[in-house]
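Paired with subunit B in one complex and with subunit C in the other, subunit A is shared by the two complexes that follow.
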Partner chain A sequence: MATPLVELKDISISFGGVKAVDHVSLDLHAGEVVGLLGHNGAGKSTLIKILSGAYQKDSGEILIEGKPADIRSPRDARRFNIETIYQTLALADNLDAASNLFLGRELTNALGFVDDGRMEAETAKIMARLNPNFKKLKEPVSALSGGQRQSVAIARAVYFNAKILIMDEPTAALGVHETAMVADLIQELKKQGLGIFLISHDTREMLELCDRVSVMKNGQLIGTERVEDVTEDDILSMIIMGKKPEAA
Partner chain B sequence: MSRNSDDFEAAIKPPTADTVAEFAERKGAIARLQHALHVNPALVPLFVLLVSIVLFTLLLGSRFLSPFALTLILQQVQIVGIVAAAQSLVILTAGIDLSVGAIAVLSSVIMGQFTFRYGVPVEIAVAIGLAFGTLIGSINGWLVAVMKLPPFIVTLGMWQIVLAANFLYSANETIRSQEIEENAPLLQFLGSTFKVGADETGRGGATFTYGVIAMVLIFAFLAYALKHTAWGRHIYAVGDDPDAAQLSGVNVKFTLISVYAVTGFICAIAGWALIGRIGSVSPTSGQLLNIESITAVVIGGISLFGGRGSIMGPLFGALIVGVFTLGLRLAGADAQWTFLLIGALIIGAVAVDQWIRKVSA
Partner chain C sequence: MSDVTNTATPKRKSFIQTLELDTRLLGMIGAFVLICLVFNLLTDGRFLTPRNIFNLTIQTVSVAIMATGMVFIIVTRHIDLACGALLATCSAAMAMTQTAWLPEILGIGLGHPLTPWIAIAVGVVIGTVIGAFQGWLVGYMAIPAFIVTLGGLLVWRNVGWYQTSGQTIGPLDPTFMKFGGINGTLGETWSWIFGAVAVLAALYGLWSSRRTKLSHGFAVKPLWAEFTMAALISGGIVGFIATLNSYQIPERRLARMFAARGEDMPEGFTASYGLPISVLLLIAIAIGMTVIAKRTRLGRYIFATGGNPDAAELSGINTRMLTVKVFALMGALCAISAVVASARLTNHSNDIGTLDELRVIAAAVIGGTALAGGIGTIHGAILGALIMQSLQSGMAMVGVDAPLQNIVVGAVLVAAVFIDIVYRKRTGAK
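Our next item is the complex of A and B:
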């Protein structure tokens, strides 16, 4: 089998004596969607924030394409082509869509000044793809609806040719139609060979979108299953009971 | 549907999506005003400035509306204006700098003492003073960004430390204006004047000092940097939401440290201009600069919550204070009326800010 795109090996992190992530190992292959499920506080978001550079692990190892990766900040993660859509979206509310899309990696002209014209044009281009109704390019993103803000965050993650995409509750703020668009987007990105970590509470949605699902509880990995091998009830019992279903 | 690698927009775009209803901008006049102010937050102080100039002109006539009086206002606000420019940067990051005045004064004392006590060439003494301001600013920035201490506390402490160091180091001695004029005129450079349109006897006309020019240049430079550099955009992003900025890949620590360092540098320039303005190097001058600069920034419409406001606002804010001060003095009013009205303006400005914030709600 090919080298996994990402290997998380034996990752642990504690916050003041609470083991938020407790010796968890996961892998992700190119063109694969791996879902992370579990209750609030199970450690899904924390685990994923270690990969995206927001938190630093206490122990364990991250391998990207088989090589050890030292990820200490979101900037580091980006160098490994890891892009993240955070649950909180991580948008600067008073800046417009283009400024947010390019925040931290602004397009500049020959003199080193930010090139607003080009950034706006690029933003208009990608927003036209993601959310054709999106017109408020010049408004601060605080003036946008939840779905529009979400599409800005998604645009920011997919614009920069990510190899590894982390989506933390990407459809939480979206309506039915927009949720379907995100599902289509995930399929499309998968075809392009991206590896995607997806976090959601919606078990049914996860079984549709993911190739494998991993269930976490109290910071520990309960198990990782191929979606075709399990039912929704199996997953729910893993989430709630914290154990794999008995082989029938 | 064709599915080449670049065609995924076709996959995610439902065939009818292009013609979905567009929401035309149908807003009332109030909402449009609110929006205009949100986009151009310096409009309010500019409006107040123009109205106050018109009012004092109606009241005082040409005694007030003369090139001489108007440029006198510029001279009177130059120090506060320069410090307010520096303060704006810090407040845009949702911080506050109480040590600005102390940094300015100690920088000016260092420029003077190095020249007169140690015999350092005056150019180098000025450079050392500017470097000192930058250093103190960097320490503030490091304490805020790396040690994660609240800016109010850091700069409250630094204010006391720098001010005490200022009195200890200078031994509370003033370097007299005459002495500076004879031996080190460069120290007074920013106070030197030139006139435009004066009559033959040199009376009247517009009088500018290089300190006024420096103030305008600093505002112009910062306005450009905030709008057209990544650094400027990061300042707004950090003030807006430091966590989001960090997750977006902004180097929050560097941004904060650089902001406080630039603030210290600009305060040292204000210290230099202070020598020009009062002629002497006095360790007791500039005591109110921190409060006055915060006043100008708040009246200038920069949000104390960070991330919002235009750098030109504090320039207008400082000028509003200058117009009220001179106008009321020319009108023969008690100086306390100035403070009373400025107090009302501060509260009014924050009320307007809160109202503008609702545009996002």
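Our next item is the complex of A and C:
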């Protein structure tokens, strides 16, 4: 088998004596979607924030394409082409779509000043592809609907040629139509060879979108299964009881 | 505004919408004009004389300079209660540099060509370092800015006191005092030249912004709207210069100036003050700060951090270092304000800049800076400072009792913020 795109090896992190992530190992291949499931507080978001640089692990190792990666900040993660769509979307509400899309990576002109015209034009281009209804380029994102805000967050992750995409509850705030759009997008990005970590509460949706699912409980990894090998009930029992389904 | 555009036909826009004017800014200008007209009526036309307008502008400069820095501080969700005290420390250091330290160390005194510049450099360095230190306490040590600068308010005012042993230091260097206002103006010709350059720069700005929009295929205003804007801006600049230029230097003062040069004043000679250098300094700072806010990464990060600190952090912005930079910038501006304030008074006194922190915060807030962070403009803060100063000196001219003056200013501050909250709700929380 090819070298995995990402290997998380024996990752642990504690917050004030609570083991939020307890010796968890996971891997992700190019063109694969791996889902993370579990209750609130199971440690999914914490684990993923270690990969995106928002938290620093206490112990363990991260390998990107087989090489050890030292990720200490979101800036480091971006250097490894890891992009994250946070559950909270992490948008600056007072700025417009273009400023948010390029936040921390502004396009500048020859004099070093930010080039709003060019950023707005680029934003218009990628938005035309992701969400053709998106017209409010000049408005602060606080004036946008939930789906439009989500498009901005997705555009930000996709625009910069991500190899590894982390999506934390990408459809939590969306309607039926927009959820379908996100599902289509995930399939398209998968075809382009991105590796995607997907976090969600919706077990059925996960079984449709993912290639493999990993279940966490109380900071520990219960198990990782290929979706064709398990039923929804198996997954639910892993989430609730913290036990692997009995081999039949 | 959004419901209007959704329901009405999109083609029909109001006059103001077509000009793409900020309605909030218009409201503030309206309030300012109203204040001026009311005071003009109450003072039988004395408020809007060239002389009073001249005085009003030079009285506003010191607070307005600091208010531009306060915008960045408040936008990043901090506060600076120490700016008046920091002004005093910088002012004391600059006064001591001119009158005591330079004569002692380098043997150069007042009137030496290097004296004012060394003094200003000393002040700006001290201001920047103290500002950066406060920013470090806020950003890296995570002490709330309110506490750091409340402590700073006590510390820096009295550091200033120690430097001068509580004495008033003066007179200051003559070149230094040119930054104060009445002692340093451009005169009629140079004021007009400056006005012409400003008009040309404004026209170029309008033209290049239209060209940029067209090059990316974005919608532009109709040409008549561009010309209306150009006419409004040019008219404003020319009117301002004309007003300042029509303030004549009093005859006796002119005679003294000629006498000082050992000449006789020609019969019927007149000259006007023109644009004060301090106002020129404020304009330069306003432009510089606006460029930082709108066209640099630093400015973009300041507003992003104010809008959502977590998002800024997750986007790879070093928000701690940003706090240091913002406070350092504020410190430098306090030092520049100290130059203007002490030069205007022609000396350094212990109580210089007392309560300025509150005037500066009020100016920024009246100018539309939201204490919740993320929102604020430089021109708004300067207009806010002008409104505060007009109220204060207008009431003084009318003869309102001192306690009543402060009561009115305080009430206006609260009312202005209330009106702003109502306005933002109506227009959809911009």
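Here is the rule we go by: the second predicted complex is superposed on the first by the 248 of 248 C-alpha atoms of A that agree within 3 Å, B and C clash if a C-alpha of one lies under 4 Å from a C-alpha of the other, contacts with A are read in each partner's own complex, and residues count from 1 in each chain.
Assume a contact is a pair of C-beta atoms (placed from the backbone, for glycine too) under 8 Å apart; a residue touches a chain by one contact, two chains touch by 3 or more.
Not measured: the values here are computed from a predicted model.
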Q) In the superposed model on subunit A, is it clash or fit for subunit B and subunit C? A) clash
(Q) Just to be sure I read the superposition right, which of the two partners does A:Ser142 touch: subunit B = first, subunit C = second, or both, or neither? (A) both
Q: Classify the contacts of A:Glu120 with the two partner chains as first (subunit B alone), second (subunit C alone), both, or neither.
A: second
Q: Name the contact category of A:Asp184: first (subunit B only), second (subunit C only), both, or neither.
A: first
(Q) One more residue to check, A:Asp22. First (subunit B), second (subunit C), both or neither? (A) neither
Q: Report for A:Leu130: first if it touches subunit B alone, second if subunit C alone, otherwise both or neither.
A: first
(Q) Taking the superposition on A as described, I'd like to know which of subunit B and subunit C A:Leu103 touches: first, second, both or neither. (A) both
**Q.** Touched subunit A residues, subunit B compared with subunit C
**A.** B
Q: Return first, second, both or neither, reflecting whether A:Asp58 touches subunit B, subunit C, both chains, or no partner chain.
A: neither
Q) Which partner does A:Glu205 reach: the first (subunit B), the second (subunit C), both, or neither? A) neither
(Q) Going by the contact definition given at the top, which residues of subunit A touch subunit B in one complex and subunit C in the other? (A) 52, 54, 73-75, 78, 84, 86, 88-95, 99-100, 103-106, 108, 112-114, 140, 142-143
(Q) Considering only the defined contacts, which subunit A positions touch subunit B in the complex? (A) 52, 54, 73-75, 78, 84, 86, 88-95, 99-100, 103-106, 108, 112-114, 128-130, 132-133, 135, 140, 142-143, 156, 177, 181, 184-185, 187-189, 191-192
Q. Mind pulling up the subunit B residues that touch subunit A in the complex?
A. 3, 5, 8-9, 11-14, 17-18, 20, 22-23, 38, 228-230, 232-234, 236-237, 240-241, 243-251, 307-308, 359-360
(Q) Considering only the defined contacts, which subunit C positions touch subunit A in the complex? (A) 2, 212-213, 215-218, 291, 295-297, 300-301, 303-308, 310-317, 374-375, 428-430
Q. What residues of subunit A sit close enough to touch subunit C in their complex?
A. 52, 54, 73-75, 78, 84, 86, 88-95, 99-100, 103-106, 108, 112-114, 117-118, 120-121, 140, 142-143
